[in-house]
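In this document, chain identifiers A, B, C and D correspond to the written order of the chains, with residue numbering beginning at 1 in each.
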Amino acid sequence: MAEREQTSERELTAADFPVLWPVTTRWADNDMYGHLNNAVYYQLFDTAINGWIIGATGIDPVSAPAQGVVVESGCKYFRSVEFPHALTVGIRVARLGNSSVTYDLGLFDAEGDDATIAARGSWVHVYVDTDSRRPVGIPESIRELLTTAQTGDPS
Amino acid sequence: MAEREQTSERELTAADFPVLWPVTTRWADNDMYGHLNNAVYYQLFDTAINGWIIGATGIDPVSAPAQGVVVESGCKYFRSVEFPHALTVGIRVARLGNSSVTYDLGLFDAEGDDATIAARGSWVHVYVDTDSRRPVGIPESIRELLTTAQTGDPS
Amino acid sequence: MAEREQTSERELTAADFPVLWPVTTRWADNDMYGHLNNAVYYQLFDTAINGWIIGATGIDPVSAPAQGVVVESGCKYFRSVEFPHALTVGIRVARLGNSSVTYDLGLFDAEGDDATIAARGSWVHVYVDTDSRRPVGIPESIRELLTTAQTGDPS
Amino acid sequence: MAEREQTSERELTAADFPVLWPVTTRWADNDMYGHLNNAVYYQLFDTAINGWIIGATGIDPVSAPAQGVVVESGCKYFRSVEFPHALTVGIRVARLGNSSVTYDLGLFDAEGDDATIAARGSWVHVYVDTDSRRPVGIPESIRELLTTAQTGDPS
């Protein structure tokens, strides 16, 4: 049932995600209400996914023959976070196809006693040929990395 | 079936949305690939929803006794758009509850011959008491406005 | 004297700038204090300058053989502005060199009874060869446009 | 002479700044040219200054009786930086007045063999009463902190 699933989802912790990527907040991230603006969460997810991939594979996103293009994204916001707190993005590969990958993401405090999940994101990258913009297979070095973060849905 | 729905969804036009709100793009919106960064779409949706509500009701979002907080958002990206093109956000109220409202959003070119939908967004606002942060009924002037944008799902 | 100059500078109006470029604000632009974040002003200046140049010359900034690179920028903030107000950027070419151009910029309300200047910006673009990154002469079509906005310093 | 000063300025290193504050870059920071957009530098300066002050004094910028408002900022860009590199902002208090403080800022790579300065910023905060918006003396705990970063101009 929806209600049970949601309860469970809010109980996820950083330990449910195989990769943890540190991200930071900025003064300008806080909106009129003094909390991170909702669009910033997507900037943080994007930064964590690409930082992880670039750091591990050394691929240059601009000159590479294949690019990961976002075709769908989503986020559920459970509690507010704000500058100047440091945060952590949990990354899990939920589905790995031929040319696409679906990420399951969690946003957490980097430290401190509130270990609850602040937000849960979803993200679909489709790899396309840089010139023709047609879908291509995920580059091998990236695929190998992604398999290391494949775990079952924890919620 | 999923495939049929998706085909239909990509055939939405600006005429399927009861409210059309103009938004503009910025140099900094374009990312390394020369197109609008995926997080910018959410900034545009946010701007359209709030610009429409503030413009029509005169409510000041900071001092108002109730605030609309984003609890969920999502976007499907169909084709790229880029600075310096002007864009239009189509707004439809998909569901209107006691304290929450779900928006169905479409992103279109402001003008020009490509009338196809560039992206489709979803957005859930829950109204909370500014002080207690507990859900409250949607303020009456906002509810009245929202009812004017309630139409059936066109896709 | 500094004091007199400053007084004069704050008396500039939109009429002192030969080009007026409309820009809009976003929900996410407002910071914790409910006003446009200081870095957003630079996004607006950038958008006005590039929107004006691209619109008038048809040049594609990514594929063009020469690119305008920002080597210096600055802003004096006179009064706050905020979403959802529409704004206008006044553009004046203060100095036109062989490979560089210095802009004098003013930020104004798009409409309404407050005609005073909200901020004054400065901006230096140096044109470089896209491949070698070495300074080159300003492309001819851009130079022609820039000369149309050359006026004496009004302050 | 201008030329000598500029040469000297480009020779500044992190050692010339009494406070070093780590900042990170984001995917969305890179613009069409693959480098950090010029407005992002100001976000980083803002984040470093406020992160340093909030971290050391525990002051809450929203509820505090006095707020630091930016009245002037500027930046000279010496070389490009880009995501995913980590960066460091050097902070120096160049002038400390009754209600205003002028910062001298340097942007550097967080690590790696390029120790040269990437950009130099300037920043003026004026403290105002949160309610009346009139200038007030810099709060004592902040003033004490600022004096620890006062050094002579190294360039």
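Criterion: a contact is a pair of C-beta atoms (placed from the backbone, for glycine too) under 8 Å apart; a residue touches a chain by one contact, two chains touch by 3 or more.
Just so it is clear, the structure is predicted and the values come from calculations on it, not from any experiment.
Undergrad: Greatest Cα-centroid separation from chain A: which chain?
TA: Greatest centre separation from chain A goes to chain C.
Undergrad: At the place where copies chain A and chain B touch, is the share of residue numbers found on both sides over half (same) or under half (different)?
TA: same
Undergrad: Could you give the separation in Å between the centres of chain A and chain C, each centre being the mean of its C-alpha atoms?
TA: 36
Undergrad: Taking the mean of the C-alpha atoms as each chain's centre, how many Å separate chain C from chain D?
TA: About 23 Å separates the centre of chain C from that of chain D.
Undergrad: Return the distance between the CA-based centres of chain A and chain D, expressed in whole Å.
TA: 30
Undergrad: Multi-chain contacts only, two chains or more: what residues does chain B have there?
TA: In chain B, the residues touching two or more other chains are 27-28, 32, 34, 37, 39-40, 43, 46, 62.
Undergrad: List the residues on chain A that touch chain C in their complex, please.
TA: These residues of chain A touch chain C: 27-28, 30-32, 34, 37, 39-40.
Undergrad: Given the complex with chain C, which residues does chain B contribute to the contact?
TA: Those residues of chain B that touch chain C are 23-28, 34, 43-44, 46-47, 50-51, 54-55, 62, 83-84.
Undergrad: Hey, which residues of chain D end up touching chain C in the complex?
TA: 32-33, 37-40, 42-43, 46, 61-62, 67, 69-77, 122
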